[in-house]
Amino acid sequence: MKILFVGIATERVQGFVDDSTKVEGIAFDRRIPHLEYEFYEHIASDTFMEAIVEAEKKGFDAAVIGCFYDPGLREARELVKMPVVGVCEASLSLASMISAGKFSVLVGRRKWIPKMMATAKGYGLDSRIASWRVLGLTVPMMRDVEKSRAAIYREAKAAMEEDMAECVVLGCTGMVGQARDVQKELGIPILDPVLCGLKVAEMMAALWRRFGISHSKVGGYESPPPDEFRAIYEKVYGKPP
Amino acid sequence: MKILFVGIATERVQGFVDDSTKVEGIAFDRRIPHLEYEFYEHIASDTFMEAIVEAEKKGFDAAVIGCFYDPGLREARELVKMPVVGVCEASLSLASMISAGKFSVLVGRRKWIPKMMATAKGYGLDSRIASWRVLGLTVPMMRDVEKSRAAIYREAKAAMEEDMAECVVLGCTGMVGQARDVQKELGIPILDPVLCGLKVAEMMAALWRRFGISHSKVGGYESPPPDEFRAIYEKVYGKPP
Amino acid sequence: MKILFVGIATERVQGFVDDSTKVEGIAFDRRIPHLEYEFYEHIASDTFMEAIVEAEKKGFDAAVIGCFYDPGLREARELVKMPVVGVCEASLSLASMISAGKFSVLVGRRKWIPKMMATAKGYGLDSRIASWRVLGLTVPMMRDVEKSRAAIYREAKAAMEEDMAECVVLGCTGMVGQARDVQKELGIPILDPVLCGLKVAEMMAALWRRFGISHSKVGGYESPPPDEFRAIYEKVYGKPP
Amino acid sequence: MKILFVGIATERVQGFVDDSTKVEGIAFDRRIPHLEYEFYEHIASDTFMEAIVEAEKKGFDAAVIGCFYDPGLREARELVKMPVVGVCEASLSLASMISAGKFSVLVGRRKWIPKMMATAKGYGLDSRIASWRVLGLTVPMMRDVEKSRAAIYREAKAAMEEDMAECVVLGCTGMVGQARDVQKELGIPILDPVLCGLKVAEMMAALWRRFGISHSKVGGYESPPPDEFRAIYEKVYGKPP
Amino acid sequence: MKILFVGIATERVQGFVDDSTKVEGIAFDRRIPHLEYEFYEHIASDTFMEAIVEAEKKGFDAAVIGCFYDPGLREARELVKMPVVGVCEASLSLASMISAGKFSVLVGRRKWIPKMMATAKGYGLDSRIASWRVLGLTVPMMRDVEKSRAAIYREAKAAMEEDMAECVVLGCTGMVGQARDVQKELGIPILDPVLCGLKVAEMMAALWRRFGISHSKVGGYESPPPDEFRAIYEKVYGKPP
Amino acid sequence: MKILFVGIATERVQGFVDDSTKVEGIAFDRRIPHLEYEFYEHIASDTFMEAIVEAEKKGFDAAVIGCFYDPGLREARELVKMPVVGVCEASLSLASMISAGKFSVLVGRRKWIPKMMATAKGYGLDSRIASWRVLGLTVPMMRDVEKSRAAIYREAKAAMEEDMAECVVLGCTGMVGQARDVQKELGIPILDPVLCGLKVAEMMAALWRRFGISHSKVGGYESPPPDEFRAIYEKVYGKPP
């Protein structure tokens, strides 16, 4: 099974999947340092939409968009038939299945919350969210692993104790690799969005290859008419889709 | 990987999982012909709670409760640490991830809807449901595969065209094996709850064994105190848990 | 009028009803010390479902299930025609009718909240709840009346002042008899679930006996086919229903 | 027990209560032929607010406002301490307690629905309503009992069969006395709002007289300061409250 | 363009509108010192309903009801065709359009919240409200401009920092003129309900005069039959409408 | 006052505004024939984000994004301080203020509904929507004015009669100019999204210029750090913002 992971390099994501799965991790648009702003997401999506269309042509089995805003998720699903997974949608779905009650989401800055909250509402899962908690960290600051872990621990603990969260979702792929230790310390599940995205992608890829199940192409993810699409795609990317 | 599937015999469920997964299918309580009534579910749960507790002791990696009411799901998760999957919760989660808009659920009789609707509301996914449609079939009548398929096709088509469903969930494991043909005919995903339950169980088992993630034991799924529990369990089942 | 109250002895409930009403209080299943866990509730329900079926045969006018989880409520309503009241549903309904805004619910431990919250959502009344507050008491600990009252007073006051609750519901029949004093001290209604269950039961019994109104038997509370049911009931309880 | 019923004459409401209860029915403001319009309700409320304030002084135990818009309910509860019941709130609460799933409300004209729907949303019970169905009758037309019954039967049947309502609420006191026959014919509970209002009022009066429980006076139903209120009341009604 | 503003004198509202707009500000009913209580609102509405009906006859282009409870709004829209604006509805709509996430509302006393919350729910905008915060001021106390401003600043700051409000709505016209300074200090929009009401009224008046758009007269705002209405109006106000 | 309208040429939009307002209408990205697909919207947004940033520099008072998906609305508000109006948000807000109950939205094809529904949910107004009705027209087909009008009339009438809509919103700027006639024929308000967008923009521009009120820059619309943003913008557009 071959999965494209957009947003984090191969060596940092390969460890999350089954032995029989191969992940190829690619960076977001090199022009953009991070995706905290809507404008940045928008620009970065140009690049990864092209990458996802190409991955399908090359025979990949699924793709994961590795940003907790789930940017470009609807666009990508419109353009391809293979499963495309958003790490936010995957993480919230898993969190809801392992929590009897509610779970919390940790984000870097309050700036992120309104869009993510609207996204969660669209998925229907907002009623399961106990709280959105702010770490006070930008994405670049998350490279300081120690400092980030301390902030994650602090807010996850508060979510568990004050907000009665039964599970905590790390709301940014910049926190990749941090879940395990905090989980051990606190004794509740801490969900890494990279792990969630990849696990759901493996499941979806299996459903797609063996049972023909992927996102519905009737309704919101309907593809554009092929000729019309090809013409636009060529104008944008300078080559056929 | 070893998964217990409660409600359908091994030979009918083994085909849904990966080659490396072994499913053991067991029947519901033999005293009960089907689980359409709350009282029947209640009685049948006595038997499968015991089976799930034992499966964990024997080293199973996950269990699936194969009835769309998700009976005994909260009880079982309270008693064990390994993942326990309800086919309703698994199916609705998958359906929500592959639908841009809404999906429909097909049930045998209207009797079933109020409880299932309350369950869906508890999961937070009721806002994603376009309609609940009634086949006019009891569970025993679903053994007539031809007649059931015709009813499924009729209502799935109506859900797609009249209710704008982008995906259809078969709301009873009595419809096992029916999804594929209808999906081909209609061109939208038709979800078999047995398949959904097993695929989510495989994913959950992997998360559990490799990453220590299962349902949270802090909060609603907290286990009873061991001594108190053991005493009650022995009174009920005549042996230690 | 004759009412069966499941969960508390006759002498402790008779004081809540009209002079013309006779309550018979019976204990939950003797094998179970309390009903804090889903498994315990499940097992205890076996006993009281039988008691409710028999009460109807004996000419009782209504039954009350005296646990705030409302365990077995759907099952019991499926099996009988006379009104069956859940103390949680009754209390939340009364609280919503006497509050202009919102009310709070006090529970013993946070373990209880997820299931009760899902139940409240099913009833449609979750939007009226200001907060769920935790007393930090198990059901057995509630036998210490002084300690319980202090905890109830503390949390009810906080609900009134911090959460703007206009009314407080005691979310466990283990707090029976505690409402009155706290109500006097705080000056807002404090609802005892035993009182609420019995008052609603008296009203329902009157509606049933004089106007033929009880829970609808078309839809979710439809009874099983008599012959099928009788056979199962006999296997379970060793006698006809 | 003495209950004031605003909107219908004594002889038409006395039959709904217990033998030990005395109801006094009074007409709405004589200047207003019916309460279908918001302006009419507003004007009529002037009269019945005064009547409710006086009833409390005279020792009544509760009052019922007999219009399905629940006009003046908040105002009246602000002014008195004894329970004041709105027939809409009472009917929806009862309907929700006897339906496993949803119930429908029958109204005379579509004009009525938006306000009633907003009211139901305020009570928190809108999620339990399967449909609002229109009889095509004004309140004065409802005096034609035969014609009204036919319309009620037609729409109640459609609600049960097409909307899967398990119970039907008659959404106007102009339909008083019509429920019983339709209930017999259809086999599901049909709720008369006059009956519901009175039964809830009897329960509330008992809670008030014996247990000191009525609507909370802390929060939305807080009374005006006595002196300020008295001065305004005298200007409006020409006498002290 | 001519706009009637009910509740505040002309000289205090004229400054909010365009040069080409003329506002006529009239006081609420002189018998009532303020509108904090439902009864007071009710009585005051008698007066301003008459004023709005007359304003339409005199050729006004719109009316604004200057109390944050939006009292009499439905009644007035029923009686006239020209736009009638409620300051609460206008303010919440504007706040929702300028907030990416949520906004808060400041009220004088907690007494006000339940009714305003129900109103916001009816408008559909309750999900956008981060918090209702209490200033601890009656309407008469708001005449102390310094004290009020300090309270507004304190709670607006807390809303912004603790509740993550992106905008703050002043929930009483008694706070007219206070928004600007607090907005400068805090750096987020502070909405004055008088300004919001008037700006929406100007927009609505333009839509009405040039495009024939005002509140729909089909459905909830349907007017009473003219003859019936005239007769009642004359009885109430002693003159024809 | 100067307003930028993105998506329709100047001559077709100038007629909707006040005499003192000047609108400049610009086309969407010339590479894209219409915006029915998410990918198309995405690409077109590149162009109009640049145009909105430049309009602010040139002293425009507000901008309107003339597509009912409200594409790029969050991005644009992030980048500028002047008001940016989405025609969907503006239309739904106006519709909610002129409907006592619910309103309907007409769209060209069902493909559009899921995204628009999620958007409406984010705005909080989904509970006010009676139905989404499909015209069966692509955007290019809407150039056939006669055929479109017939479809609009047909579905608006059905919305009014069958779904009890009190107002109908035209859910695509391709229907510009069609509202007036249908409104006259049906007697309920029909909202043209171009008109709604422009009227709200005029109001917002006035609030911005005279009262300093625009979308909040604290929270979800926070701008990127100037230096970081300038560098990215230059890479994307080849010139400074």
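The letters A, B, C, D, E and F name the chains in turn, as written, and every chain counts its residues from 1.
Convention: a residue touches a chain if its C-beta (ideal position, glycine included) is under 8 Å from a C-beta of that chain, and two chains touch if they have at least 3 such contacts.
Since we're looking at a predicted model, the values are computed, not measured.
**Q** Need the most distant chain from chain F, centre defined as the mean of C-alpha atoms.
**A** The most distant chain relative to chain F turns out to be C.
**Q** What is the chain whose Cα centroid lies farthest from the Cα centroid of chain D?
**A** Farthest by centroid: A.
**Q** With chain centres defined as C-alpha means, what is the inter-centre distance between chain A and chain D in Å?
**A** 51
**Q** Please tell me the distance, in whole Å, between the geometric centres of chain A and chain E computed from their C-alpha atoms.
**A** The computed centroid separation for chain A versus chain E comes out at 43 Å.
**Q** Hunt down the residues of chain E that sit against at least two other chains at once, touch-wise.
**A** 74, 99-101, 110, 113-115, 121, 127, 164, 166, 219-220
**Q** Okay, what are all the chain pairs that touch?
**A** Applying the touch criterion to every chain pair yields A-B, A-C, A-E, A-F, B-C, B-D, B-F, C-D, C-E, D-E, D-F, E-F.
**Q** Applying the document's contact rule, which stretches of chain E touch chain D when the two form their complex?
**A** 31-33, 36-40, 42-43, 45-46, 49, 72, 74-75, 78-79, 110-111, 113-115, 118, 121-122, 219-220, 222-224, 228-229, 232, 235-236
**Q** What part of chain E is in contact with chain C in the complex they form?
**A** 110, 113-115, 117, 121
**Q** Write out the stretch or stretches of chain E touching chain F in their complex.
**A** The contact residues of chain E facing chain F are 18, 74, 77, 83, 85, 89-90, 93-94, 96-101, 123-128, 160, 164, 166-167, 180, 183-184, 187-189, 191, 195, 199-200, 202-204, 206-207, 211-221.
**Q** In the complex, go through chain A and note every residue touching chain C.
**A** The touching residues are 99-102, 127, 164, 166.
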